[in-house]
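Here chain A shows up in two complexes: once beside chain B, once beside chain C.
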Partner chain A sequence: MKIHLKILTVIVIIITCSGVQAQTGQELFTQKCSACHTIGKGKLVGPDLSGVTKKRSEDWLLKFISSSQNFVNSGDSEAKKIFEEFNKIVMPDPGLSDAEIKSLLAFIDSQGGSSTASTQVTMRPLSEATPQNVSRGESLFSGEVAFANGGGACVSCHTVPNLSDLGGGTLSKDLTTAYSRLSEAGMVNIIQTQPFPVMKQAFVNHTLTGEEVFDLAAYLKSVDENQKHLENSNKPEKFIYSGLGGLVLLLGAFAGIWHYRRKRSVNHSIYKRQEDYLSNNIFKN
Partner chain B sequence: MEKINILLFIVLPYLSLLVFFFGSIYRYRKYKYEYSSLSSQFLEQKSLFWGSVPFHVGIVLIFLGHLFIVLFPKEVLAWNSNLIRLLTLEIGALILGLSSLFGLTVLLIRRLTNARLRAVTSPMDYIVEFLIFAQIILGIYIAYGYRWGSSWFASVLSPYIISLFTFRPDIQAVSQMPWVIQFHIIGAYLIVLIVPFSRLVHFLVPPIHYIWRPYQQVIWNWGRKKAKSKDEIWTVTRPFNN
Partner chain C sequence: MNVRAQISMVFHLDKCIGCHTCSIACKNIWTDRKGAEYMWWNNVETKPGTGYPTKWEDQNVYNGGWRKDGDDIELRGAGKLRGLVNIFHNPHLPVIDDYYEPFTYKYLDLIESPAMDDQPTARPVSLITGKPINIKMGPNWDDDLSGTPDYARKDPNLEVLSEAEREAMFQLEKLAFFYLPRICNHCLNPACVASCPSGAIYKRGEDGIVLINQKVCRAWRMCVTACPYKKSYYNWGTGKSEKCILCYPRLESGYAPACMHSCVGRIRYLGVMLYDADRIHDTACSDEKDLVDSQLDVILNPYDEEVQRAAAANGIANSTLKAAQNSPVYKFVKEWGMALPLHPEFRTLPMLFYVPPLLPVMAKLSTVNNDEQAKKMDERAKHWPDNWLYDTSTEELWGTIEQSRMPLKYMANLFSAGDEGKIVNVMKKLLAIRMHRRRVTVGDVDAQKADIMLKEAGLDSLTADEIYYLTSLAKFDDRFVIPASHREQAIEMLEFTGDVKGSTGFGFMEKPERGL
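Coming up: the complex of A and B.
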């Protein structure tokens, strides 16, 4: 077993080390922040980061960036205010070390007024969307039409009203009000760049095309605008009832299939016969 | 937090798989005749049927379902692209989950209330029972609370599991999943970890050949019907096996 332990240790060390590579502040910003933040180009999903290093102390920024939710929950009033101001959208933990966050801050600081480091999407405004775009968006959302590059349909994790009896997914946010919550630019940006790790993973090798993003955004916009008219027919409790009904049927099937199983001892009839014989012949006389 | 995630989602699965792999081989070579679940059918068999059958049918099919999604995520997503098919799959899986929960509950009550069974139950049996019970409860909770699991499992967790087996572990997504799902994943690793030390080894040696082995015909050469008949007085025709 000693040799096995050594092999195991080596494997574990290789695995833990292989992912660690030094990245510059700019790379980190593009990769981790630019889907939701700009430097000097205004609010997106999150605040504009221009001059943030002068507004807050480094210690405060370190805490917020490394785990914004822990920081908000720890009761910091400033952090809480920002969280609420930006529609309580959770900023995912970027998984960066303190040194990496410092290099990131140094980059933001060096950009001064504005920066070109961005993955921001430029797209024609959603007001140009036609009913065809909306209906194509709906088919993409529900998975009826597959994405050109593969990838799971939105309905896997998200729901909107009027989808089906059981509704859409509940792993992630209900997108009924996504348009008004995130603003047009923010919503399009999230669909396009998937800043949240779970969503990123789902589309890592399945990039959405520009047209798909536009259709989906147009659909979500129309859902948001028409939500008062859409009937929310989601009845998730039906899911559990179907399961319980199916269980009863399944147990019935087991009873039927194994109806002729041996239910008592093989000697039962012999014992029974002796019992009968004795009770007839002894107790009667 | 990052370190805990590396421990739970990279170190633990590799550790579990290594222990499972070498441990199962070692135990088979060293203690061949203890490589079983130590059947308790002789000790109690009435409630065994209603425990063992629903539990095993449910858990085996659910396990194969998980395995299928890991191996064929694209096919599962294609199947799920139609809402009716997605719901069929999800409800079918939920029925099997409930079936295994029903079965395991019967088995647990049976084991706790029967003195003969308690006498042959080891502490490891209780650990196995607890882990699988927790795993099924979590699984059903996830199926209901985080719909639709078959789809997001295929797009988010299949890549993670595959990344483990290709030695390029990527835990970005899994470390951001809701804690219920994380516990379900950790539970699975713990179950794999304890296989070589518990009755769970029996799943490696199922008597599948029973299904296609030649059947055996039993022929009695003595008057079996006569011996079993109620009208026959046993002092005249003595039963053979009595």
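Coming up: the complex of A and C.
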């Protein structure tokens, strides 16, 4: 057992070391931030970061970037305001050290007004999408058609209304209103670059093709436009209540079918009468 | 004609005194083992009463026996499909409380008790859990308790009687009961055999004894459900089902079964009868009113030459044929028509027949004026102002059959599937024989009247004397005519006896298991 633990420790160290590489601020920005943020090119999913280093103190930025949710929950009013302003979309923790964040901030600072550092995907606008795109997107989302490079179907973790009787996954965000929440560019960006840690891990060796991204985005857009008003079929309460209802029905059916089945010994009534008689007459006093 | 031999029995209920000696003899030999404590292969019930297990006759509770299904019959609670559906949970199985929780007493407490002010007592302990229990029920808990609300009035046979008839039956002055000893009926159409999913139960070809092969039994317990007489029991110690084996090891050695051998009232008769196996199915499918007659039709006349030829062709030994001709059972059942099967409506064609008890009214209540009598009494004596007399000085020595203490309808429900005429026929015979013998031995009965009665019953004085002899004077060999089992022939089918010449005995030898 001890040997196993030692081997495990060594493996963990090797993996961590290989992951830690000196990265420049620009690389980090492109990798971690640019899916949702721009420098000087306007809001995307999150705010435009130009001049942010001047607007906020370094301490504030460090706290926000290292774990935005903890910071918001700690009661900082400014952080809360930003969180609410941007549709309460959680900024995922980038998993960076303080030094890395500082180099990132230095990069943003150095870019001044605007930057070209970006992973912006250049793609046809979704308004060009045809119904074929939408239906292909649906097939990809539900996993009926596999992604060209493999990778799990969206339905494993996400859901949208009217997907199937059981609904989609509940591990991650409901994507019904993704289009209006994230805006077209943000949504496409997220699908393409998967900035969220779990999602990134899931698609690390299975990059989506441009056409797949377009189809999925077209599908999600149509979902947003057509089905926003529908109640999501994947509410857990509904599942539990239908289960309870089914149980009651089933037990009721059993009770009906086997109503006349013998439930106790034939002697039960005899014992009962005798015991009642004794307790009422003999043992009473 | 497919002639086979069946060892069958007659129990003469007029003679049963309810002493339970048969039950004890059986218990001591066969069921005094772990897991078998609650079993009584032989038990004696008081009728009216609930019996053992409680209400065993009520097939709405236990779903035993056969049910007529169009021109065919089907098992009520078991069978192929129903058995398969219920194979892991058989809902009609009797539970231990339907029988009773077997118990013993801590006798050692009596012996090892230190000197005390009070007598030591032996507390009852359960034979299942080993813990002290309050005894609530036993195998004959309703013994002699006619009229009680818990037992007698819950007799399933009373359901056919009206409320008024029941009340009349249980009036204190009219209260009566009789005993019904029961063992496995070794039926011609056994429901237990038909129900067994493992094929462990079989009816022996040579003598019709129904047995459970303990090596094949897989404890599905379908036989326990299927037997309408509840005479198949599950042994929780061995995990196998067991039933009465008609003491076949004794029979094969020429001895009567233990219950019959020990019977104090000598009520039991055992003998071989020949029957036509080809007609069993049709008989079991016949209408309820024809059931008894067609069952008796299946039994063949051993003096008929055609039957004898068919028997010989089927390999029935001459000794068996001879035993069938001397069989007291054949006489009671077929020749004299005095014995009837118990609950023929279960359609298993039971081969244990009962001579129903006569239970005649021997006295009546009459109104009298007791004043004269009261004057003779000492003035200090207690004076009873009653004006009735329990009058035994009837003109008729015995009342008429219709006046019997047990309603004919009740008897018919037990022994003839509701046909009172059959009960009346038997009762007439019983009464006529008593009259006839009273004329012979006491002489206070009008000879002409006795003759008329015999004639009405379809008997002559010679037959009446014969019946009287077998009823009252019969010796061991008259009551039990056991055919030789010819084990040597059975063994010759399997091996050459010359090979084992010099060895001891015949039969299938199994080495005893030693140690743990």
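Quick note on the criterion: the second predicted complex is superposed on the first by the 209 of 285 C-alpha atoms of A that agree within 3 Å, B and C clash if a C-alpha of one lies under 4 Å from a C-alpha of the other, contacts with A are read in each partner's own complex, and residues count from 1 in each chain.
Going forward, a contact is a pair of C-beta atoms (placed from the backbone, for glycine too) under 8 Å apart; a residue touches a chain by one contact, two chains touch by 3 or more.
In this text the structure is predicted, and so the values were computed from the model without any measurement.
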Legend entry - More chain A residues in contact [chain B versus chain C]: B
Inset, instruction - Could you look at A:92 and tell me whether it touches chain B, chain C, both or neither (first, second, both, neither)? - result: first
Inset, instruction - Would you check which partner chain A:282 touches, where first means chain B only, second means chain C only, and both and neither mean what they say? - result: neither
Inset, instruction - Return first, second, both or neither, reflecting whether A:268 touches chain B, chain C, both chains, or no partner chain. - result: second
Inset, instruction - Return first, second, both or neither, reflecting whether A:170 touches chain B, chain C, both chains, or no partner chain. - result: first
Inset, instruction - Jot down the residues of chain A that show up as touching in both complexes, chain B in one and chain C in the other. - result: 258, 261, 267, 270, 273-274
Legend entry - chain C-facing residues of chain A, complex: 258, 261-262, 264-268, 270-271, 273-274
Inset, instruction - Note which residues of chain A are touching chain B in the complex, please. - result: 1, 4, 7-8, 11-12, 15-16, 18-19, 67, 92-93, 95, 142-144, 146, 150-153, 155-157, 163-164, 166-171, 196-198, 200-204, 236, 239-240, 242-244, 246-247, 250-251, 254, 258, 261, 263, 267, 269-270, 273-274, 276-277
Inset, instruction - Going by the contact rule at the top, pick out the chain B residues touching chain A in the complex. - result: 1-2, 6, 10-11, 14-15, 18, 22, 46, 49-50, 53-54, 57, 74, 77-78, 80-83, 86-87, 90-92, 94-95, 97-99, 102, 144-149, 151-152, 154-156, 159-160, 167-170, 172-173, 175-178, 228, 230, 233-234, 239, 241-242
Legend entry - chain A-facing residues of chain C, complex: 53-55, 61, 91-92, 94-95, 97-98, 136-137, 149-151, 154
